[in-house]
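Labels A, B and C are assigned to the chains in the order they are written; within every chain, residues are numbered from 1.
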Amino acid sequence: MFPKPIHRSAAHWQVFYQGMLPLVMILWLLPLIAVAIFSIKPAVDFTNGNYWGWPSSFEAVENYGKVFFASDMPQYLLNSIYITIPTVIGAVALSCMTGFALGVYKFKGNLLIFFFFVAGNFVPFQILMVPVRTLTLDMGLYNTKTGLVLFHIAFQTGFCTLFMRNFIRALPFELVEAARVEGVAEWRIFWFVVLPLVRPAIAALSVLVFTFIWNDYFWAIVLTQGVENTPVTSGITSFNGQYRAAYHLMSAGSIVAALPPVMMFFAMQKHFIAGLTLGSVK
Amino acid sequence: MSATTQHIKAKPLWNKQKLMPWLFLMPGILFFAIYVIFPIFQSFNISFYKWSGLGEPKYIGLKNYVKLFGDRAFEISLWNNLKWLVLYLLAIPTGLAIALFLNQTVTGIRLYKSLFFFPFVISQVVVGLVFTWFYDPTFGLLNTILTFLGFAPLNVLGDPTLVTYGIILAGLWPQTAYCMILYLTGLNTVDPDQVEAARLDGAKGLRMLWYIILPQLRPATFIAFVVTVIGALRSFDLVSIMTNGGPFGSSRVLSFYMFEKALSEYGFRMGYGAAIAVVLFAIMMVFIVYFLRAMYKQESEPR
Amino acid sequence: MLFNVKKTVVAATTSTLLATGAFAGSHALSGDLVIFSDMSNPAPRAVMEGMIDRFGAMHPNLNIDLTVIDRENMKTQILNFTSANAPDLTNWYAANRMIPFVDAGLFEDVSDLWAEDEFVNNLASTKGALTLDGKQWGIPYTYYQWGVYYREDIFKELGLTEPTTWAEEKANCGKIVASGRACYTIGTKYLWTAGGWFDYVNLRTNGYDFHVQLANGEIAWTDPRVRQTFANWRELIDMGAFVENHQTYSWQESLPFIVNGDAAAILIGNFAVAPLREAGLSDDKLDFYQFVSINPDVAMAEDAPTDTFHIPSLAKNKENAKEFMRFVVSAENQTLINAGNALGQLPINAQSAVDDDEFLNQGFAMLSTNSPGGVAQFFDRDFPAEMAGIGMEGLQEFMVFPDNLEDILNRLETARADIY
């Protein structure tokens, strides 16, 4: 193993290492820790210029309470949920199918279509902005969660197809062969043979897509407006606009906005990491 | 039409086989074509018009592109994008360094790995806000630390020479976390036998890293490179949240400038914005093609 | 003859009845009314909601749907919703900011509303701001003065009095800087506050007509008179009059400097009074004066931006919307919403009462009697949007790097050639 496993080093190195770990970590997370501290301070601390001192009182409940009960934040969170979950379902479903088609069958144009999906995933959003906005307006879906969901499903299909196709290709093909020899219909092979095998990939992909969509800001501001439909990423800017210079509230709001993907990450870490690397490293 | 290889089929299945993949592909291709492929061409088209987004578009040929050449803001954006491209790559060695640091099996290392990783999971909007407060000239942690150490305070986000670097630093935070994870996973696949053999030969430290470890990490490095480049060119969220392109446009990047020109309150120039997007797309295409070619080479190898 | 007179009398009576009937709200509306408002700051938001409540009480069968959009976001969103799924009413700004929508046919022509008695008699002063091509495209609901709000107690401490000439202004400023403070706080992160300074220095140096011509693209930015404006402005900048790092702060974030005494004054609109009072500046600490005269030959003109309501041409309930507009401009409503504890601004209806508030009284007096030069709408409304954007960026840059003036003026001039 590289670097040299610490157990093999002298005891003082081990102690040093164990001591360094938390220090380096605090340094790494310093900006976040700062925001967390801000979010539990009372407003007076800020008007008095007491930014980094010990909080004069602990107002966590009050600050977070205001965020949850006296602002539009709950609505933004709900919107994010309504936008993210259908996208995950849609994108994963579509890409299972496309990944299956591209991974199992050999036909002319297979690689070309695959490359289209891959290339499309790396395209800068801006090249899509004006036409997608016009399309959404024309379909009457402007400023609806549906409009945003449809776009996200379409765009994420690129990345998800890359992912699923690679995963499916790595499956033992004999299973499909065997099923075919027995005369099983193709769609049944898809549903009963392949899908159960790709469950870990589906889990990884779902977690990843959830994070990407939840954190999306650009399309939220292009395709939605107002409290009813905008997700938490652009909601937080309105929230901050409303409470400008109320740093304790803005910090609490930011932490609340960041929380769901973080919680999901800690719960499904394995899948997350598998997802990020599986699709890339064979 | 090539029939599927690998095994013999009964005749009726052969026809179905031809059709099947397309049936599975159809929904995905449809969505993708409508929302991604066609819009790319549509944007190309719009870039030849003058359109405020409200009235009728007016055809003006290549005039938008001609304007781009003389546009100061465009030049600044290009330069900033270049800075982003180059400096963002620092995420790769930094990510590797942290991965190496964490690649031990002491108690609690899993928790540390998670905590190190989690800046990537946070929305860029929140990252931007967090760093804005970090840099704030009145109460920001940066200035508190600097003055504590005896240095003069800085106004990073208000200084046109420092601002882009400040934003890039903010972006490096989650990006390094991503590279770190790639390398951590890659380090797990390093062949232990090779490492032991090299150790017996007396190799250690940097020599070991350079000659034995890094070559085995090549796939991870490749992905890290591609993702970092794409991320650098996409840097919209951070610029929008932290400085809105300011001060006086000095932190603008192409992705943000395009949005400003097309959709912001002083914009209303959709055609011009589309032209900027086309330029950005062209730059990205270089990297996309590079990535695809590498993938193609991988694909051409026997399974 | 008699026949005709009778007809006229009948006609006159009917129309009066109809008119008063409309204002009494006696014929209740039904159906829907969808309003998108950008009154997102706390005090204006409460005002908007209050108006909805009162209007709703007058028309119980009317289903009113209010969406409050963040003021900055509105500037993007309005592009989208005026072209599709339009509400019946939206806030926006007057003067040249209306141009893109009027040109694209997205605002409803409400000249018929302006021909009604109430408008003709009591709203004459703001008509110009809502007029393009001889027609009116919206209604005002408030306007507010701009001027210098200063710390009365700091002035007393340093023995200063309200200046009326440029020389007095600079003398005051010199003393303030010597005492370790900045003369003016300002937050230029969102650029338009720098536009306010330019407006005033230019209006005082060259006058209202020149300013309007510059806004209409008729005068070059490299013109020596424009340079004179910048030269005057520079005198203050070189003195260290402005707080540092203002390009990092929004106007709200710039207020703490005057609240805790690090700056002695701020050039801003009356909307800043509410947050200043809330931050603890009582009326004995805060006072107001009209921006000084620089060029004694030039008549004083003020910035008094008007905020507005418009009906998108794709709206579905235009009659309901027009009724709401009548309600908004009515004298009683105007008095209510512009009171010191509501918007704290000036009513646009001549019959309304100006709330008895120190600043509103001074502002009202200033605008009614002491601005013979005219009333401008503010930099980012008088100048067409694109010019305003590029212009304000240049102004912000000038404030931080005054030596870049040549470069800035050339850039603005190139933009002018391109835009107009």
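The rule we apply is simple: contacts are C-beta pairs under 8 Å (C-beta built on N, C-alpha and C of every residue); 3 or more make two chains touch, one makes a residue touch a chain.
If you're wondering where the values come from, they're calculated on a predicted model, not measured in any experiment.
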| item | value |
| --- | --- |
| Chain whose mean Cα position lies farthest from subunit B | C |
| Busiest interface, counted in C-beta pairs | A-B |
| Centre distance in Å when subunit A and subunit B are each reduced to the mean of their C-alpha atoms | 15 |
| Subunit A-subunit C separation of Cα centroids, rounded to whole Å | 42 |
| Two or more partner chains touched - positions in subunit C | 76, 83 |
| Residues of subunit B whose C-beta touches two or more other chains | 263 |
| Junction residues of subunit A - those touching two or more other chains | 133, 234, 237 |
| Complex interface listing, subunit C residues touching subunit A | 36, 40-42, 67-73, 76-77, 80-81, 83-85, 250, 252-253, 255-256, 279 |
| Footprint of subunit B on subunit C - complex, ascending | 75-76, 79, 82-83, 100-101, 103-106, 189-191, 244-245, 247-248, 385-386, 388-390, 393-394, 396-397, 400, 411, 414, 418 |
| Subunit C partner contacts - residues on subunit B that touch it in the complex | 52-55, 67, 70, 72, 136-137, 155, 157-158, 244, 246-249, 263-269 |
| Subunit B contact footprint on subunit A (complex, rising order) | 1-7, 14, 17-18, 21, 24-25, 28-32, 34-35, 38, 49, 51-52, 94-95, 97-98, 100-102, 104-108, 110-111, 113, 115-120, 122-133, 135, 150-151, 153-155, 157-158, 161, 169, 173, 177, 180-181, 186, 190, 211, 214-215, 217-218, 222, 233-234, 236-237, 240, 247, 250-251, 254-255, 257-258, 261-262, 265-266, 269, 272-273, 276-277, 280-282 |
| Of all residues in subunit B, those that touch subunit A in their complex | 1-2, 4-7, 9, 13, 16-18, 20-22, 24-25, 27-29, 31-32, 34-40, 42-43, 46, 100-101, 103-106, 108-109, 112, 114-119, 121-126, 129-131, 133-134, 139, 141, 144, 173, 178, 181-182, 185-187, 189-190, 192, 195, 199, 204, 208-209, 212-213, 219-220, 223, 226, 230, 233-234, 236-237, 240-241, 254-255, 258-259, 262-263, 270, 273-274, 276-278, 280-281, 284, 287-288, 291-292, 295-296, 298-299, 303 |
